[in-house]
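Read through the structure below, which is laid out as structure tokens, and then see the notes.
So that you can tell them apart, the chains are marked A, B, C, D and E in the order they are listed, and the count of residues begins at 1 in each.
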């Protein structure tokens, strides 16, 4: 299967750890992906917030390039990007008038046939649990891991078609593969504030605070995510939240690829775990002692 | 080609020898190399006569309605994708039971028009096959007990499908123009009822034209009676006709009957999303209804 | 040769004022076959009818046409007059020259010519009329009631009290249905088992009722007056006539863990040999072979057999099929609740203290798992705060059903009220969208729950429920104040909506009655025949037809009973003879007629030769079921089927008689 | 509060919204489940269900100037749980788009709008997001120069804020897409 | 002069066209009766043939009516959902839809075939439909004859 890779802007910037760790584990898993040539930004939340058609057209260019390059499916690790790509694909499948307009503007054909996978679908569907399990060299037994899904992976279910939208378990299943214990808690799919990170930090610290304290209460050692935006809010803003509520949290936020990498026995440095704002030292030490 | 015939003959021999069927309906070479005609095999030693090729036009399902065929009980029949649809309708309408029939499906990529074949045409192409083959979406029989694969290449099509174009052309005419068109066509009709005889789905034991209390249809050769017959034939086949084209092939005066049948099939698909003959378990379009059926034409 | 009489009515000046009745009369007399044409001032008057009778007699008429008012007015009057002279009533036809001519047109000449046309059409029709005998179907005066809930019980008792034998078939080991699961009932708060148990006992003791519990109807054929039915008595493993209901068997049964009690909606366990509840009727246990150790472990466990005094436990009992014939059937199959687990956001199944309305009934009930003390399932603590959520599953086309379940507003108000009565100092919050309390005393009841019992009603739905340190956090909205509302509660009760009983569609298919897209049985006419199903002789009752409360269920049970008693008040069921008939010679059995018949009146009939060999199959019309609508005629290609009174040749004659 | 309904204006607004939404406002029966689950409802001036009702009543000035439409984070919790399958999150997109088109420069939540604008300008000129430029321009525009500034040094140290952005090669195509759909 | 007259007769509409209406007994026939009892007035060109149900009205009746010289044919029954016989009108609605297409395809002017649902309470609707249909038929060119006409 020919797999296209759509990194998106975050993985090239603030969430570089995600890309580093992804490429590393794929190397170990011996799976080849090809970055979509000359890809562009999907428009993220900004486009669909104020210009619906643009929010379809921008991702469509990437879909069309991949499709015309003979790829069967796209891996979009960023939850926001995969959400936008899936939404655009859905709209183009259901709205012929818009499709004609977009194809015209792109100047290249597009059949709306290419498949889009987010990171979790990719890992459990394309890579497969058996393969992952076979690579686990350093089981993370006893480590308590909370999986945080957020909004963009699961909603709207009509388009995302991902797991149970109210009680997803796909990431927990992956966590269990590493030998760690998935932690059940209430705020799995609550919103972290997302795009308001820059424009409305107050809202973000409130929402993210709710999530972090709930996970803390359920005794997790760390949190795994599959979304740069979530990661950024949970990680970068954690100090600020601690200050706002006057209560220490100290939960390292790892990308799911990093957790898998650790269980594969990969050196944390190669997974860029030191790139996070909240240090994972304690957890890494705990893993070392396992 | 020989390969297909061998396979066909082996299946037939096995069926007859094991007494699973007592009659096989198939094709055999005709008087002319480019003509195939139906053959009825009852003895294993005769299976060598069976053959199939791109000249096997006729829909053999038509014989299933005949009393003299019915009395054989269990029957094996050679069907193309289009013929299999006729079988499906016959089963939907309880005229044939699945247990009594062994379906020897043959994959078909089109049959050559008889008029061209008689002139020696042997190439399969968009220009040599019957119109029905151009519209065919079911080259391979779906329901079958045996399936023989086809050696013929798929016809490449220009995408411009003639039969649809003709329907659209007529649709765009005024009613006067249509009237003129059909009057001319129906004028030719000699009420020979060959269309009925050739149709695998016209199986009534007493056709409505033969009912005289009341006299539903004028049986003379008048303009009205001709139109009435052609109308009722099309109406009774609406939602049932599987487009085998046998009626048109049988018509001695070349009335474009498939034009009417095609229009009906299209209307039915447009209005009710139904295509006949595709699913033996489907409910016939006029045996069911939906509360949300098309209602715009009713005040 | 036809001998037709035409009678033109003046209707005073009603007709004669606009139609030249003499002209109509004269034109009539010119039509071949008409032997008498007269006009008269009022044909419907006694002298008018007498003159009609006289002419029939004197001229030995074979057919009568009245050019008069609408057939909907006096067709029957004239037909009766004809019968008195020995003329088959179907030889009387009416040309409607009043409602459809004289009253709607002004131009006398044109109106007259239209009247002549209509009269001529009817003359041509009557010439082709055939004698039709009304169909009489003998009635087997016995009734089958399917379902032993309140509506089935009511129907059975009413019918039995009317002197007719009843077979009451119930799937569960006891009758009582859903109502016996309820605690107290709105709006009067009488205890459900107190009013229900006497009725159940009455059923059991009634000489006219034969009770089949733990049984199912497996086959129904035939038609009104004469249904052949098969009842499967499932192997109960207990010989019913010997059992005393002492309880020794279930008291010793080792399987008292892990099997959830259906009656208590999974809130408690039951044994393998069990009665669903102590007041069960009959008080005879059934042995659930799917969980019984005797059956699972190769016959080792025989504890119940050992404990049984009369030794009435028989592990070898088999399913038994009972065949019966009945004249009428009541379908009262009842309801189920919508699956709450569809609502991941409410955590039903994940959080133990989120329960359904029916589970809460069991928690309130003195016969329930907590003996009527409100305790929450997770830890048995008494909840102080309960949040009730209405419209769970109902009015929800996305996950549930679009319709309103009708009873939830009321039972939630009742729950909140009873909770307030049972737990002092407690607080209820009710999330609702609309409150539907429209029967007698209902609105007052809901107001009472708010005003006297202090329940707080919030207008809005709940989006999500979390568990947090032993509390359930409810995230809802109150749209009236425009706020998001968060409540920490000890328990949540979901006012789950209702759907037809699982398997009721199969019952409908067996009975040949129609049901809607949700599975509720449809009435023959939604307003005027709300008790009848689409099939003659089969009546409907209770929630099987749609959401309704107890009084309505009882009413519907009684209504079905009264219809059946009315039907059985005669020895024969008489239907009009204008029904379909098949020409067997030309039928090819394509059965399009059967597909379009809404009354299941058409079936296949084998035609055999003298030696019994099957020659062919043809369509056959059941006269007890056919109503003569003629849909089959329209479906028949070869015109092999026709409907009496409106035969094709008659209609063609009408068309062809017109002068243009 | 009191509104006087002008039927013509109401219909115009409703049909504009409905045509962009591909759904009927009358579908909403005001159960409030959207507002119940909305994570940012606490900051909003009108709850989502009120926005829907006010739109239906033709209160365009109020809804287009509301904070709510800009505060919505498109988390789709509302649409996911709506019993009527109404696209609640999408109506917020639609109302934002109308407000943007009409140039309604509401003071409320101006910053969120500016963020979207700066973001799209960044995409327009680079084809991708150059985060440092995005943050810088946004801060300049909103004059929140020092908000979050404490985060910057550590982020740069961790390598999260790159000093150089990437541009894609076919910027002409991006320009055309913007031109076609702006 | 003669020719012109004939021409005129051919192209101009019929002044007294006959319309045949096939109606169901329960709804439309009662609706027409109601128009009568309410003393409403309508065009006298229509001749009603009563049948039990619109499900009984065979589309072939339309052809027979045209053959007989009717200039317009009306078929009318109970509204969907109101059929006295549960589903007769639903079944025939399907047939009418297709039959109508067939007639149109063969050159019948579909202005001459009308379908309506008229309930027992819709006396006014009946009047309206008859008047409107009669006017329409009168306005049609006589030449727009069809193949089922002599």
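In this text, contacts are C-beta pairs under 8 Å (C-beta built on N, C-alpha and C of every residue); 3 or more make two chains touch, one makes a residue touch a chain.
This one's a predicted model, so the numbers in the text were calculated from it and none came from an experiment.
Visitor: Give me the fewest steps it takes to get from chain A to chain B if each step has to go to a chain it touches.
Guide: 2
Visitor: Return the chains common to the contact lists of chain A and chain D.
Guide: The common neighbours are C.
Visitor: Per-chain C-alpha centres versus the global one: which chain is nearest?
Guide: C
Visitor: Where centres are the averaged C-alpha coordinates, which chain has the largest centre distance to chain A?
Guide: Centre of mass proxy via C-alpha means gives E as farthest from chain A.
Visitor: Sort out for me whether C-D or B-E is joined by the greater number of C-beta contact pairs.
Guide: Spelling it out, more C-beta pairs touch across B-E than across the other pair.
Visitor: Find the geometric centre of each of chain A and chain E from their Cα atoms only, then give the gap between the two centres in Å, rounded to an integer.
Guide: 66
Visitor: With chain centres defined as C-alpha means, what is the inter-centre distance between chain D and chain E in Å?
Guide: 57
Visitor: For chain B versus chain D, what separation do you get between their C-alpha means, in angstrom?
Guide: Result: the chain centres lie 60 Å from each other.
Visitor: Can you pull out the residues of chain B that are in contact with at least two other chains?
Guide: Touching at least two other chains: 216, 286.
Visitor: Taking each residue of chain E in turn, which ones touch at least two of the other chains?
Guide: 87, 91, 95
Visitor: Which residue numbers or ranges of chain A touch two or more of the other chains?
Guide: Each of 165 in chain A touches at least two other chains.
Visitor: For this structure, enumerate the chain pairs that meet the touch criterion.
Guide: According to the stated criterion, the contacting chain pairs are A-C, A-D, B-C, B-E, C-D, C-E.
Visitor: Spell out the residues on chain D that touch chain C in their complex, using ranges where they run on.
Guide: Chain D reaches chain C through residues 29-38, 41-42, 46-47, 49-50, 77, 81-85.
Visitor: Chain D touches which residues of chain C in the complex?
Guide: Counting only chain C, the residues touching chain D are 345, 391, 395-400, 433, 459-464, 475-479, 482-485.
Visitor: Residues of chain A touching chain D in their complex?
Guide: Chain A residues touching chain D: 9-10, 12-16, 38-41, 43-54, 57-58, 61, 101, 104-107, 150-151, 154-157, 165, 189-191, 193-196, 198-203, 206-207, 236, 274-277.
Visitor: For the complex, give me every residue of chain E touching chain B.
Guide: 59-60, 63, 67, 80-81, 87, 90-91, 93-110, 114-117, 129, 143-150
Visitor: Can you name the residues of chain C that touch chain B in the complex?
Guide: That would be residues 585-592, 595-596, 617, 635, 637-640, 648-649, 651-653 of chain C.
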